[in-house]
Amino acid sequence: MKKILNNPVDYVDEMLEGLIAAHPHFYRLHGDSGRVVVRAMPGHRGKVGLVTGGGSGHLPVFTGYVGAGLLDACAIGDVFASPSAEQMADAIRFADQGAGVLRLYGNYGGDIMNFDMAGELVEFEDITCTTVVLADDVASAPLAEREKRRGVAGMVYAFKIAGAAAESGRDLAAVTKVAQKAADACRSIGAALSPCTVPQVGKPTFHIAEDEMEMGMGIHGEPGVWVDKLRPADAIAGEMMDRLLADMPLAKGDRVSVMVNSLGATPPEELYILYRIVKARLEAAGATIVMPLVGRYATSMEMAGVSFTLLKLDPELEGLLKAPCECAFWRV
Amino acid sequence: MKKILNNPVDYVDEMLEGLIAAHPHFYRLHGDSGRVVVRAMPGHRGKVGLVTGGGSGHLPVFTGYVGAGLLDACAIGDVFASPSAEQMADAIRFADQGAGVLRLYGNYGGDIMNFDMAGELVEFEDITCTTVVLADDVASAPLAEREKRRGVAGMVYAFKIAGAAAESGRDLAAVTKVAQKAADACRSIGAALSPCTVPQVGKPTFHIAEDEMEMGMGIHGEPGVWVDKLRPADAIAGEMMDRLLADMPLAKGDRVSVMVNSLGATPPEELYILYRIVKARLEAAGATIVMPLVGRYATSMEMAGVSFTLLKLDPELEGLLKAPCECAFWRV
Amino acid sequence: MSIDRAAVVAGITRLAAAMERDFDLLNTADGALGDGDLGVTMTRGMRMVAEGAEALPDDLGKALLACAQAFTKSSGSSYGTLMATGLMAMAKALKGRESCEAAEFSGLVALARDAMQARGKAELGGKTVLDSLNAVALATAGVSDPAAVATAAVQGARAAMEAFRDKPATVGRARIFAEKSRGLDDPGMLAMTEVVVALAG
Amino acid sequence: MSIDRAAVVAGITRLAAAMERDFDLLNTADGALGDGDLGVTMTRGMRMVAEGAEALPDDLGKALLACAQAFTKSSGSSYGTLMATGLMAMAKALKGRESCEAAEFSGLVALARDAMQARGKAELGGKTVLDSLNAVALATAGVSDPAAVATAAVQGARAAMEAFRDKPATVGRARIFAEKSRGLDDPGMLAMTEVVVALAG
């Protein structure tokens, strides 16, 4: 897959420059690192701050979800690389409105260490921080070792729900609690059909044969559950639903939201073909689908593939999911 | 590029099934052909109807733009194939609220013949129809032969503006006139980096070498201006802007909207890199950018590449562009 | 022997069978420079027409209108649309009549040709189905014996294919490959020739 | 001879030069099973530290804190973050002091090791930079002569690499390829060995 870029080392900075030029009413840069994106219209004084951070190359994740009813600030690293603790600290400083800051991010080594460290840096400045780590990818570890799982598209739901909770005026403990509840109620699985290329590397990060796919692969190409011949859409959707429902069984009367997400190159036409099966399986389990999300919510640049995320709702989560939010990529 | 599908002959019907299952509050099927998508919440009685039609494989074009402040109905064919005149006639019948119907579609042989024919079919039913054909692709014919140009992403602007005019209560002549004005004020150009595969064909429609790109290629792979080595992003954007501005020069004080559109696989990161140059060039020409659109607005499934569309505004067009609209893919 | 509903139904039966037979032939001819779907268009279209044949009314105008609608329903391709257009033009001329004479054939084909030309906005002489129809209309002009009309129609269609084979395509998808198209039959002309042969019986 | 600001600045100069030299070595070592960026991390990090060396204060705690911040600014990679963590731990211990003795070296390294272990949540014995630091702390424990401390530190780091070479990786990206990692030096251990060698002068 070919890329449109200039000097690969400028990829992230030029991307951010264009993002902010195109959407100045949503985003602006904060601090002097050039890698901290914050709300152009900051939340009100006394609102709990929400920050995230992670590598570039996943738009709308992470930066895109800065906005009203969503995140206050985001520290963004090179493609697939953690931002620095200093950048995260800058994001936390911006996000703090006197009510403390929730750090909400995916379960990756560099991000964890840096967010921990960023928390220590801002501790001296009397900013209280809490943490919720997203670990929704069922393919990356068995249920018994949930804390080892990677964070993937489920973080979009967590951003949304925590964002709505913060916007509604809840305190840090309450926002953290409901964000953790959302994180715990999320299950994701991905299937990749093609690799993607990290600009500074210049060649695909991994390889999938022309007639094969990899079930359960991570969003940077981390190994999955199996590699096999490409299957029909209904079979792929069926197996992905099997694995999600085995991990988080649903019962009659349950209410769930579901995200059918393209990893990048896979077009919406294919997502809708898959959605038929997703819907049928959820309804067969007796569940009611609330606000299904079909589109590109968490990607890996031009990688072809899909992920499904289930979010099991209770009345509190459902209310927060449906609350208004607005960024350049998503509006509820 | 690999695809996720079942039997290729079911591709369009399954896609529509999923689309409507996911967004029942936006879309529903009308008539018995299974290929006419209409607003779930029809426009008010007396509103001018807006219909389009064309081949599948371009989501959000065409079907996706059915919605409030946009289209009333859309007839959708197989991938890259015109729907039938009967289907178009069904779309027209639904769209008619007693005030007549504007047919707004791209300049392709099959679509033109069928829409003409559909108009004759509904003439007997006392439905008045007008037509605006979109021909915005500057690469497909010289300015002197504008009527031969293909219709590409510019149709999104035309849908938006005509949709807002119809919603505001203007009559058929007025809606047609402003839609034609929008069509005349649009210029587009595309650059393709990779082909795409029509499901029923099963292999890529055309070929582009691994290190090459084609400037000015059409959205079904129709030949363009040149094939050359892949250039840096800034050079690509610069040449595309050169060609657009040569075709429709801008002067100091002009107000324009611009769409930086992915043909499918190209990720938003790359669009934002390109947008820097688009913005710089427009500002250098003295123009002010209004409501830039950066994303996937008109695609060819998993094709990699981009298109730029310029829309030169006057106060009337600007007002209509900014008026509210809502569909599953776009909200203003 | 005049042409009535029964003759139309018999013609449909022969034509539908011919198009089943020519599925690959026409796809291949179209595939050389176009998108290879002409066999699909004709086979599907004639299947739809044949399905409705039993229910056709005696009014020849209404009967041909029903055939036209079957074509429009089955495909949005250029050729299917042109076929429907031609049928509609003939339908309009025959509205309210339950029979017509062989001597009227030439005039009806000319009506179809003109309507299709208006629809597709292409010139005569462009190596398309229009040139086949034009040749058939000319060859059958002034002929009134049913058998002679049939023979003249087939000869006219075949002669047009011969005459245009080495010219470049100017219309539709093949236009892009105008030079390559020299020496190849236009798929639309080929299809119309097979249609005429099948109708001639 | 005690360690003061001047000694720190001199150490930084040697270390920065060493990391420019080892850019490819470390990238290649990391690239075998990881993402090949360890040379980038160390070279960029030490460039940032060296840029700030002139402006370092006499307070050793504040000086090392500035070094830690330079590392965090330059990279978010695991190793850069661990380096910053270790430096911060030593900075805290030395806060308010303008010199320290060679005899304190072992204890300071142990503090860094423990802080980095807390940060990365990895066990000792996992074939990581922690095992290098642990070996250095043990090898220099109870030694107070500056030259003897330097020699012991280098020996300790090298011995740890030897000892762990044939074990499987258990931490970081290479963990996925645990079996393949046998026989290969852990890139983080290799980097720390080069750091210790450069500091020893």
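To keep things simple, chains are lettered A, B, C and D as they appear, and every chain counts its residues starting from 1.
Definition applied: a contact is a pair of C-beta atoms (placed from the backbone, for glycine too) under 8 Å apart; a residue touches a chain by one contact, two chains touch by 3 or more.
The UniProt protein names, listed by chain, are A, B = Glycerone kinase; C, D = Dak phosphatase.
Computed from a prediction, not measured in an experiment: that's the story for all the values here.
Colleague: To get from subunit A to subunit C along touching chains, fewest steps?
Modeller: Tracing touching chains, the least step count from subunit A to subunit C comes to 2.
Colleague: Which chain has its C-alpha centre farthest away from the C-alpha centre of subunit A?
Modeller: C
Colleague: State, to the nearest whole Å, the distance from the C-alpha centre of subunit C to the C-alpha centre of subunit D.
Modeller: From the centre of subunit C to the centre of subunit D is 84 Å.
Colleague: Could you tell me the distance, in whole angstrom, between the mean C-alpha positions of subunit B and subunit C?
Modeller: Distance between chain centres, rounded to whole Å: 33 Å.
Colleague: So how far apart, in whole Å, are subunit B and subunit D when each is placed at the average of its C-alpha atoms?
Modeller: Subunit B and subunit D have C-alpha centres separated by 57 Å.
Colleague: Hey, what residues on subunit C touch two or more of the other chains?
Modeller: Residues of subunit C touching two or more partner chains: there are none.
Colleague: Multi-chain contacts in subunit B: which residues touch at least two other chains?
Modeller: Not one residue of subunit B touches more than one other chain, so the list is empty.
Colleague: Would you identify the shape of the chain contact graph, picking one of line, ring, star, complete or other?
Modeller: line
Colleague: Between which chains is there touch?
Modeller: A-B, A-D, B-C
Colleague: Flag every residue of subunit B that touches subunit A in the complex, lowest number first.
Modeller: Contact set of subunit B toward subunit A: 1-7, 11, 14-19, 21-23, 56-57, 59-60, 64, 193-194, 210-211, 213, 230, 232-234, 236, 260, 264-276, 279, 292, 294-296, 299, 301-302, 304, 306, 329, 331.
Colleague: Which bits of subunit C are touching subunit B when the two form their complex?
Modeller: It is residues 37, 69, 72-78, 80-82, 84-85, 88, 119-121, 172, 176 of subunit C that touch subunit B.
Colleague: In the complex, go through subunit B and note every residue touching subunit C.
Modeller: 33, 77, 81-87, 109-114, 116-117, 120, 222-223
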